[in-house]
Amino acid sequence: MTPNGAAADPLLQVEDIHTHYGKSHILHGVSLDVGRGEVVGLLGRNGVGKSTTLKAIAGIVHPSAGRVLFEGRAITNLPAHRLARLGIGYVPEDRRIFPQLTVIENLRTGLDRHGVTTARKKELLDKSYGYFPVLAERRNQFGGTLSGGEQQMLAIARAMMLEPKIILLDEPTEGLMPRMVSQIRDIIGVLHRDGVAVLLVEQNVPLTLDAGQRIYIIEKGVVRHHAPAAELRADDAPIHRYMGV
Amino acid sequence: MRDRQPIIFWSGFAVIVALLIASPLLLPPFWSRFVTEILIWGLVAMSSDLLIGYTGMVSFGHSAFFGLGMYGAAFVLLETKPPSLWAALTAGLLAAAAVAAFVAYFSTRLRDIYFAITTLIFSQIFYIVIFTWTELTGGENGLTFSRPALAIPGLFTLRFTPMVLHWFVLAIVVLSYLLLRRVTQSPFGMVLQSIRENEARTRAIGYPIERYKIVAVMLSGLFAGLAGVLYALQNQFAAPNFVFFVLSGEVVIYNVIGGIGTLVGPIVGAAFFLLLREGLSRFFTEYYLIPVGLMFIAMVIFMPQGLLGFARRWLNR
Amino acid sequence: MQWLHAVPWDLLLIQTINGIVTGMILALVASGLTLIFGIMDVVNFAHGEFLMLGAYIAVLTIVATHSFWLALIIASLGTALIGALVYVTTLRPLLGRDPLTTILATFGISLVLQNYALWQFGPVARKIPEPFTGSIAVFHLDYSLYRLMIAGLSAAIIGGFWLFLKFGIWGIWIRATTQDRIMAQAMGIPVPWVLAGVFAIGSAMAGASGVLFGPLVGVDHAMGFDWILRAFIVVVVGGMGSLGGSVLAALFISLLEAYSSLWVSPAQAGIVSFVVLILTLLFRPTGLFVATPK
């Protein structure tokens, strides 16, 4: 990490983005970055713009001002499907797996890409089944019949099928039982080990402080605080200040 | 500036009405009759605007309302001796209102696309009924009859010359415009517009929107039926092709071209379309609809507010 | 059991077959429509015109090559192309907007296409000759083999397409895009191409039905209109977006119409489908043939 707290080898750079929804001004100039293989946490209360930030990065929402750079290239207004192919995986709030596709068909939406050999596809699938045995069990079941936690696993596994360089996780532990929360924590660890960067949006503070290396705190559409996780673990005053918890 | 706007509007209005009053005196008979027809179609288009422009419901059923107004008047003019204008008007309005109520009951609970398709289908149901019930409606050949007199019993009796007819039509169209204008600016009209803006929110606030929609459809149908009566008077026949849904489609075209949500826009749209058809048919004969259709598509994409759309706010003041 | 003799069994059987034949063509037309609606929420008013264009392309191809089957292929490809063109130029710009604008736009397209055909081909109906003659004896009547073949071929096309949806890669892309367009994009699926492709496929289905149906009636510029109305009804009754539902609804409605035309005139039998629609809208608006009302 550089002295001013920015990422040393930036994979993703978000520079001062603003977004609007109709007449509402949601993001008022958010800047952050994520280094290669880094786990970065984004904390904040409900409605401050955390999800919108991820959507802007994933190309689902287009910023009205500011830029997003990926591996040094400006990707600001590229369509979402191009960004997925460039290596940005997105796991939205409420999972949004394809309900009328089976588990394996859900995974195939990420697997069936140009230039992936059949052998590699099998490898990736087996890896997924290894991390998420429940998906192997239910591989021919429709996504809509899975429980909430299982859908979360599927949503993450699906994004992993893209072999992304960074995965954007939007509140993955929301509504999950503690056992599954620790499973999510393990998955984040696995991704980090594999060299995949993670931008984690969460309201679960302990999980984020534990899994993350650097933390940003957003309030009312701007980044209010930015520090290494270790620092915040020691002194969590900023968290109380900006999140009101 | 705000105080001057109504004056500008009403003076402009007066000028246009004056010109229209004068048209049978200034124009050759063919064109004068053309203007009368424009007014009649303008009335249908205006009635449709209440639904499309103010309530946000695209209806393809206006041919049914128009057609039944026409047939209603036709029946009375054939049956009563001497043919009574007022009875014909009443009959036409009642027929149109009945059809509108029927269609409204079934269609208004449906949103956008389903509503449009259902109104279209109702149009076609009425078309088939009218087309096949030959004993009553004359089937394919329709009904022909003669014009009644413009009479107020005890006061005066006037023959319906083209000139008198034109002024009669003009009077009715102007009155209809003023009435519809009042309606759109009334609290009822405001609710309609709020339904157009955001139906869910309006419902959440507590308005029984189905009831408002039904009234809107009936009002719209009433004025379309009125236009049907006027058309019957002008042309002295009623025919099933006026109930065919293509007429509804043309009405929607007038609305879009002229500018929805303006009330006068559709009349301008009708004028534009009919003049274009008249002009293009000299070159293209039956194929005038190709350039018109292309123009329509282009307007939907690039100029959805229509010809008068830019003046929409101003016209609704 | 005397009354059994009074029942016109032979007529009923003929009408059943007729109903199935018309029903399968209707199913093919409606499949294209429901596919398009399911994936992009667009009600294509001009769908009937693609049917008409397919028939006309076939007419031209047959004049040049005398081959019905070649005409079928070329007409399908041709309408696919025209469909893709129409989509890219006219519908794609309107995707985010008010759904009513797409109704208006496709209505305009239908107008233009119909009148274009009228202009190019004139008002006199053209003929597509049946690719083979021959009939099969049903009771004391001869039933055309060609008609039976139409039903079979339509079923084959729909069945083939269903398999494609279920098992092909692009099939998964189409299904994913239909279920959640945004997440499909987030998974790298090139949604703009998928949408154009589906529109093209739907149009091709309409075009193919035009060719198949062509020999039974004349080919003229207005032939699409009848089909579009009934196809709409089938799509709504079958459940918008449901392929299976459309097939069932198409058969149901066609059979009802076929049976009613034993007692009333064909024009009046047309009201049957309208009545079914109204009843569906009143009682099961998500579709008669959809498993559970949502």
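Letters A, B and C mark the chains in the order given here, with residues in each chain numbered from 1 onward.
Note that in this section a contact is a pair of C-beta atoms (placed from the backbone, for glycine too) under 8 Å apart; a residue touches a chain by one contact, two chains touch by 3 or more.
Here the structure is a predicted model, which means the values were calculated and not measured.
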item: Taking each chain's C-alpha mean as its centre, the one farthest from chain A; value: B
item: Chain with minimal offset from the mean of all protein Cα atoms; value: C
item: Chain pair with the higher count of C-beta pairs in contact (A-C, B-C); value: B-C
item: Between chain B and chain A, distance of the C-alpha-averaged centres to the nearest whole Å; value: 56
item: Cα-centroid distance, chain B relative to chain C, in whole angstrom; value: 33
item: Distance from the mean Cα position of chain C to that of chain A, given in whole angstrom; value: 43
item: Multi-chain contact sites of chain B, meaning residues that touch two or more partners; value: none
item: Residues of chain B touching chain C in the complex; value: 52, 56, 58, 106, 109-110, 112-114, 116-118, 120-122, 124-125, 128-129, 131-132, 249, 252-253, 256, 286-287, 289-290, 292-294, 296-297, 300-301, 304
item: Residues of chain A that touch chain C when the two form their complex; value: 58-60, 79-81, 84-85, 90, 92, 96-101, 105, 108-110, 112-113, 158-159, 162
item: Residues of chain C that touch chain A when the two form their complex; value: 169, 172-173, 175-176, 179-180, 182-192
item: Contacting residues of chain C [partner chain B, same complex]; value: 43, 90, 93-94, 97, 99-101, 103-105, 107-109, 111-112, 114-116, 118-119, 229, 232-233, 236, 265, 267-268, 270-271, 274, 277-278, 281-282, 285
